[in-house]
Amino acid sequence: MQSAKHSMTVKTDEFFRKADQLIAAGRFIDSKGWVPATSGNFSAKLSDGNIAITVSGRHKGRLQADDIMLIDSKGNSLDGKKPSAETLLHTSLYQRFPDVQAVLHPHSINATLTARLFKHEIVLKDYELLKAFAGINTHETRISIPIFGNDQDIPRLADKVENYLDRHDHAVYGYIIAGHGFYTWGASVDDALRHLEALEFLFDVEIRLHGVTRL
Amino acid sequence: MQSAKHSMTVKTDEFFRKADQLIAAGRFIDSKGWVPATSGNFSAKLSDGNIAITVSGRHKGRLQADDIMLIDSKGNSLDGKKPSAETLLHTSLYQRFPDVQAVLHPHSINATLTARLFKHEIVLKDYELLKAFAGINTHETRISIPIFGNDQDIPRLADKVENYLDRHDHAVYGYIIAGHGFYTWGASVDDALRHLEALEFLFDVEIRLHGVTRL
Amino acid sequence: MQSAKHSMTVKTDEFFRKADQLIAAGRFIDSKGWVPATSGNFSAKLSDGNIAITVSGRHKGRLQADDIMLIDSKGNSLDGKKPSAETLLHTSLYQRFPDVQAVLHPHSINATLTARLFKHEIVLKDYELLKAFAGINTHETRISIPIFGNDQDIPRLADKVENYLDRHDHAVYGYIIAGHGFYTWGASVDDALRHLEALEFLFDVEIRLHGVTRL
Amino acid sequence: MQSAKHSMTVKTDEFFRKADQLIAAGRFIDSKGWVPATSGNFSAKLSDGNIAITVSGRHKGRLQADDIMLIDSKGNSLDGKKPSAETLLHTSLYQRFPDVQAVLHPHSINATLTARLFKHEIVLKDYELLKAFAGINTHETRISIPIFGNDQDIPRLADKVENYLDRHDHAVYGYIIAGHGFYTWGASVDDALRHLEALEFLFDVEIRLHGVTRL
């Protein structure tokens, strides 16, 4: 509903700049086949704490300015549009990590296979590409990407993620939801996209090696 | 033959709008490698019940306006052009399902492999991407995509499809013809394309898991 | 050497039209990864019997008009440029088959793997896509694509091909040279390209099934 | 720091021409998925012995003129920008091989898998595509691509490479760093890119055959 309150919300230049970044990210991510059909969702935080986020049900490779909406930090629509059902997974990341400025959720074959083959977590170690993750400057390290069961009850799923993050004080760069893709984030849309590309590459390598080493 | 009757058929703005949608869909589908050589065919229903459909033998990734023709609901050419040999598979879907406004038939490696590996049907369950199918709003469900033997006798093949649909009153989102690709449909070209992308993704995942689990 | 004789050769509109078709074909073939580095070569016959063919050593995905040269039906350069070392494989096909108007030689991973896995021939049967080959109108048929050992002695390799074609009077749509790609041809550049796309698709399917059925 | 000395460095037309070649090479390499995130680096030697090289931390598929910097033959920045941490791997190749005019370092899945599956070297033989390497004119030969362990200590890694090259006087066309991609080079950006494409193709074929032959 376009209420009077909504029509009062003025979209800033910053909103449109971030929206453009999300649209370009979507085009790139889709060109790789990582957001098939209308899967996935993306967001970017604005300096006033509000959030630009993809509208529910749009194709992420063919986003228009109109497909990016404005919500507050609690996930309430500020322009009358309907945000993704998974908005809470975005807002809780922004709330927990003040430095996070963008959250990307692709839905790829590699993430889907990773969840099936690696069950509870995938450990990535000894890869030069680990240096793509903020704060890592050597391949001689390891990161763990946790895998959660899928759940249509998003508050319950968000709790599971919160609980995991509460129990782990090392840096976490993303998580997989089984049969559903993965979430990653960063200090800018570019940073989150770098993490996304690195995770896709590393999942791909691990899946292929898994096939070989099982033989 | 361009008879007088044919030249009388006036193509409406709606025809050209739908034709443009089919051309764009073809470009996207071909970019993924899902309509090699001149395989595949696409159609969209108009509000008067006539149907815009691809002309026989054209490359579906490089369609021009001239490669989309007009047929009536029985499959008779209204403009003197020759429709696909498989036109009956389109018209019978429109006749059975009044809500169907578009039918897409890609011819992909994944569909070909699925028919070889899964024989009579492929069951897709517990995937978030099932929500891409109209009317499904949870991953906690399953759909079955039947696989029919290939047949150059299209009326006989259409009968086999009709017979299957008569016996199943749950929603059916597509079917595979062995060695020949698959058919899917929807309430618009966009809807059918969303179903197509989702099926390609899910076939791909299942084929890869099939290889692993057989080990 | 640009001799006086060469500078007398007038390139016709037909030459430039065919050259454009070969350039566009190259762009498409390269986009699929089927002519890596400077591998592959392409040609098209003109109505006077001369042949437009790619110059030796150029990247087939980034061809310019200048990269297509003119030879006579024996393979002699008519414009002073140096044709591919494999020109004889083109001219002997034109000589044998009067209807052939274009010859395409890609160099793909699928052709390379096919030669390693299937040794002397690959048989393709029961595929709807067989209808992409000129003169075939049912999937209920089979074609054989012979595989020859690679040889830097092109006249000797051409003899091996001639010998095979002499002994087989059924239609032959292409042949593989082990570790070296394949040749296919048709009544136009479009026809040859349709054969090329169909063969790539079918090789791909057969290779993947080979892996599965060997398990 | 933009010191007075730096601002004195005049970038020549040659610099900008080579920079354009590296930018175009990056776009092509990224389109294949061979420089994910901000991995990889590229350089080209100028006629005065200075070197155009990619700035540290930029995405190699989306390079701007500003992302290519100037260093001297020892690797010192001439324009105040920060070159890749791996600059020494470039400069030592230029120092050893006077004919080398370009060095490309992609970071691909195939190189990563090759290091895991083939350990110390991968031998490539009997491929027509070996003719893509400068100086090879038959498939009846073999080349070896050595695989070195990854090391964040670049001088130590460079020493390992130097040591290998000292002990081998046959032509070496590239080397792999485990978990980190590969280096290749040539007498021009085009030559290095041809070597890169050929190595990617050959790694891909060998990896797939490795899976099959291990069964």
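Order as written gives the chain letters A, B, C and D; numbering starts at 1 within each chain.
Assume a residue touches a chain if its C-beta (ideal position, glycine included) is under 8 Å from a C-beta of that chain, and two chains touch if they have at least 3 such contacts.
Since the model is a prediction, treat every value here as computed from it, not as a measurement.
Residues touching across the chain A-chain B interface largely differ between the two copies, under half of the numbers being common to both.
Averaged Cα coordinates give chain A a centre that lies 32 Å from the centre of chain B. Centres computed as Cα averages put chain B at a distance of 46 Å from chain D. Looking at chain B, one finds that residues 211, 215 touch two or more other chains. Viewed as a contact network, the protein chains form a single closed ring in which every chain touches exactly two others.
Per the touch definition, chain B reaches chain A in the complex via residues 32, 126-129, 132, 137-140, 190, 194-195, 197-198, 200-201, 204-205, 208-209, 211-212, 215. Residues 33, 36-39, 59, 107, 109, 112-113, 116-117, 150, 152, 177, 179-181, 210-211, 214-215 of chain B are the ones touching chain C in the complex.
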